[in-house]
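Below you'll find a set of structures to go through.
In the two assemblies presented below, subunit A is common to both, partnered first by subunit B and then by subunit C.
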Partner chain A sequence: MSDIKIRSKNLNVYYGEKQALFDVNLDLNEKEVTALIGPSGCGKSTFIRCINRMNDVIDICKVTGNIEIDGIEINDKNLDVVSLRERVGMVFQKPNPFPKSIYDNISYGPKIHGKGESKDELDEIVESSLRKAALWEEVKDRLDEPGTGLSGGQQQRLCIARAISVNPEVILMDEPCSALDPIATAKIEELIDELKTAYTIVIVTHSMAQAVRVSQKTGFFHLGKLIEVGETEKIFKNPDNKMTQDYITGRFG
Partner chain B sequence: MSEHTVKSYEDELRQLIDSVIKMGSLTESQMADSMDAIIKVDKDSIDKIIKSDDEINKFRSKIDTQIMTLLVKRAPMAIDLRETISSLKISQDLERIGDLSKSNAKKIKPLPQDLPDELLGNLKRLGDLVIKQLKEVLDSFVNKDFDKAKEVWEKDEQVDNLTYIAMESVIDFLSKDKKNLDFSTHLIFATKNLERAGDHITNIAENVCYLVKGEYLKGNRPKGRVIQE
Partner chain C sequence: MTKEQRLKKRHSAEKRFRFYGLASIFIALLFVVILVHNIFSKGSSAFMKTAINVDVFFDQELLGIPNNPSKEQISDADLYDVAIESILKVYPASGLDQENALIDLFTIDAEIEIKKALIKNPNLIGKTITLEITASDDIDQLHKGNYPRELPEDRRRISDYQLQIYDTLVEDNKIVKNFNTYYFQNGDSRDPELAGIGGALVGSFYSIIICLLLAFPVAVLASIYLEEFAPKNKITDFIEININNLAAVPSIVYGLLALQILLATIQLPRSTALVAGITLALMTLPRIIIPCRASLKAVPPSIREGALAVGASKFQSVFHHVVPLALPGTLSGTIIGLAQALGETAPLILIGMVAFVVDIPSTPIDPSSSLPVQVYLWSESAERGFVEKTSATIMMLLSFLIVMNFLAVYLRQKFEKRWN
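Moving on, here comes the complex of A and B:
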């Protein structure tokens, strides 16, 4: 049994008057992939955005309840959000490399977080991050070309490399393959499989097949509530909750 | 259960289940016909029974195709996945039961018309029970009835017991006169075929249980008296 890395307790999120999450209690295991599924607007993205406090940037957003990483409450006002985001990286639906060179895309994070004092150290971080993201062989001879010039799949792996470059503990992925073709998707999934040996990964996906392939644990959200969570195989072969079954078998709505 | 959002998916699953039910009902009547023909030593029915196996085999291919299509097009999950996989396995067992009934029909040819009542009576009791078991397991599939399927699974013990009794009476008959040897071996095989059909029926019962609850029956099936092979 893995250790719990992230624990949410009675987590509620409000966007102004509208409540987006209702008393979510969810434990995420260390060095495992947890997939979050559910129809659009069910709160799964809102949930992962709580893990690195991305919701802070939305003025009308209010969060109550607890989220702990390694037993430490992260909603604490005194917590340094910058260092939290160093520990919890994020990859978005659409690849969003900086309008800079491939090299700078990777070295930017370490630089602002005070890692990689010398050029040699930065070179090493860039190479190892790109290697971990399975992109090094494809870009090693053109590190000074713009990151935006890469293909969609490569750009997404560049974003993953950028997330890895600051050596985080957790990687949040919000539909990381929805803009990618099947081959680029396969590469990202293969990468997720490798990354889980070192990182705790939470992935939001609309693809059931992807959730089955990449995750060990799956949580199903509906209308802001966590309906069911369990071993991925169990959820997709024989879920306990009827609503989960209706959703994954396409009987919803 | 509520219906799929995609109507054609709903239709495809229903058509699959429909094929399994039709295949099951053909297998059931083929087995009844073959049993009836043995008891009556009705040699005129042999060809018809053998031919009916083609029909059953056709369903098997049809079901295979339906399942391939479902897997490719729909990537079924949860209950749909279990329904699809159970249908595949159940159709395999039905096909084997069909083969056994066909094989039994072929065994009628060398039988004399004047077989003793007791011998046929024991075989008939076994046959009747196996047919009943097949009917009930198919009902349990149609109604997704876990308890009924488990009951069939447990009742295979009685099939074992009746097989033992039927075998004993054939062996007894055989030992009375060596000239009975020729066709007695056919009766021994026919009895054994019924017992094997019973085993396929328990496989079907196990698959129905898996389909309904998502887990296989635990523990060993109760076994009756068995003939040493």
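Moving on, here comes the complex of A and C:
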């Protein structure tokens, strides 16, 4: 059994009057892939956005309860979100490369965190990040071309490389393949499999098959509540909860 | 109704709509053509002026200066007598009346023009040279065909005798046209042949620079703060509504504001480019903030999230990513705001820019005019020569506006980045 990297306790999230998460208690293991599944609007994305405090951006959003990373509370007003986000990277639903060169897309993160003082160091970070994201071979000759000129799948891998570039411990992925074709999706899934040796990964997905393929642990959300969580194999073969059973067999959602 | 009928009806509705659209575009273009034609046909002649060839004899006795004079001696010299003597030789006039009629055919600055020639070449003393001396406004207009010479003499400013001189001079090929440098170099004048937009150009230039320096940074910072940092609540909503309202406030109200605050209370110097610039900045501020905020808003939130997710602070995500992307829109909004300010007349009239200013301002705190106010001033003048000057100045103003608007479009198209 792996160590627990992220632990949420009684996590509640409100968007104004509306409550989006109800008392979520979820432990995520280190260097494992945890998949979060559930129908649209069930709070999966809201949950992972709590882990890097991305919900701070939304004025009306209020978060109560605890989230700990390595036993340290992060849902704390005094916590420096910049260093939190350096440790917890994120990949979004729609690829969102900066409208800059491929090189600048990757080197931006290291630069603002003071990593890679010299050009050589930066070059090295860019290369290793792109290699880890399995994009290096495709773009090594055109690093100065705009990142927005790549194909959708390449753009998403560029965003993964960007997240890796600051050497995070956790990578959050919010439906990273929803805008991609099956071939690009397969590449990203392969990549996730490799990345889990070095990073703790949380992936939100609408594809049951994807959850089965990439994750070790799966959590099922419904209407803001965490219904069931467990080994992926168990959740998909023999869930304890009737609702989980109904969802994975496609009876609702 | 059968299917064919319905289809036919649909097609004819579409055709009708296309016809209405084309017709309205045609009407709009027609008005533009009429306007431009009107301005050009009246104004283009202002860029040339009429001059009369005069043989000027620099008589050392009349000049009263020694051989090899110093520069000061030349510029202090009185060339009135030389000018009069030379002009009187152009046509055999006899008697004071006729002589005066002849002298009146020339600009009152004839003496100065002759002096300039001498300053340029001091070796001319004791020699005769043919100079193109600027004609009076009446001769200028007559020569350009704008003067109704068929009117009875008592209703004309030019006497029959003067017409006779003019016709003789034309026959002798002594009347020439040359480029109207006065129009670009001189300040305003009571004499149309000497009046120019030099002062108005400089005044407008200073006003716009001051307006840019004040309005641009304030507007950009205000929009960045309001769009990116300010909490969304009742107060910011109220501010937003007020900014939109201020952009719609008639410009003359800003003139009243400036009159009370800048002139009466702070006692800044009246009819100066400084006050004009501040007034225009106040007026332009909301007009820049609105496009500026719109272009910030147009940057997709995913860019901000992308930057925040790699650990950029709010400030970094805004200034490294959002602002550079919004810059083309911001710049073009600013230029269009400035172009509006450049053409603004009403507030400047209230702060005293309608004053008759002859000197070209050398600093922003000298009394000055501005292009649109100059148009207003000249359009009210009675002299025939100001008609073409009014139109010519409108042409100048329009060409500045067109250049600025093209620049705005160019900047936006060149630097705008696409994110999809």
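Everything below uses one rule, namely that the second predicted complex is superposed on the first by the 252 of 253 C-alpha atoms of A that agree within 3 Å, B and C clash if a C-alpha of one lies under 4 Å from a C-alpha of the other, contacts with A are read in each partner's own complex, and residues count from 1 in each chain.
The definition used in the following text is that a residue touches a chain if its C-beta (ideal position, glycine included) is under 8 Å from a C-beta of that chain, and two chains touch if they have at least 3 such contacts.
The structure displayed is predicted, hence computed values, not measured ones.
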item	value
Combined model on subunit A where subunit B meets subunit C, clash or fit	fit
Which superposed partner A:Lys31 touches (first subunit B, second subunit C, both, neither)	neither
Partner chain in contact with A:Lys225 - subunit B first, subunit C second, else both or neither	neither
Which of subunit B and subunit C A:Phe236 touches, first, second, both or neither	first
Which superposed partner A:Pro99 touches (first subunit B, second subunit C, both, neither)	second
From subunit A, separation angle of subunit B and subunit C (C-alpha centres, steps of 10 degrees)	140
Subunit B versus subunit C as contact partner of A:His206, first or second or both or neither	neither
Contact breadth on subunit A, by residue count: subunit C or subunit B	C
First, second, both or neither for A:Lys62, with subunit B first and subunit C second	neither
Smallest separation in angstrom, by C-alpha atoms, between subunit B and subunit C in the superposition	34
Contacts on subunit A seen with subunit B and repeated with subunit C across the two complexes	none
Contact set on subunit A toward subunit C in their complex	52, 54, 57, 59, 82-86, 89-90, 92, 94, 96-99, 108-109, 112-113, 146, 148, 159, 162-163, 165-166
Touching residues on subunit A, where the partner in the complex is subunit B	208-209, 236-239, 244-246, 248-253
Residues of subunit B touching subunit A in the complex	1-6, 9, 74-82, 213-215
Touching residues on subunit C, where the partner in the complex is subunit A	231-232, 300, 302-313, 316, 320-321, 325, 417-420
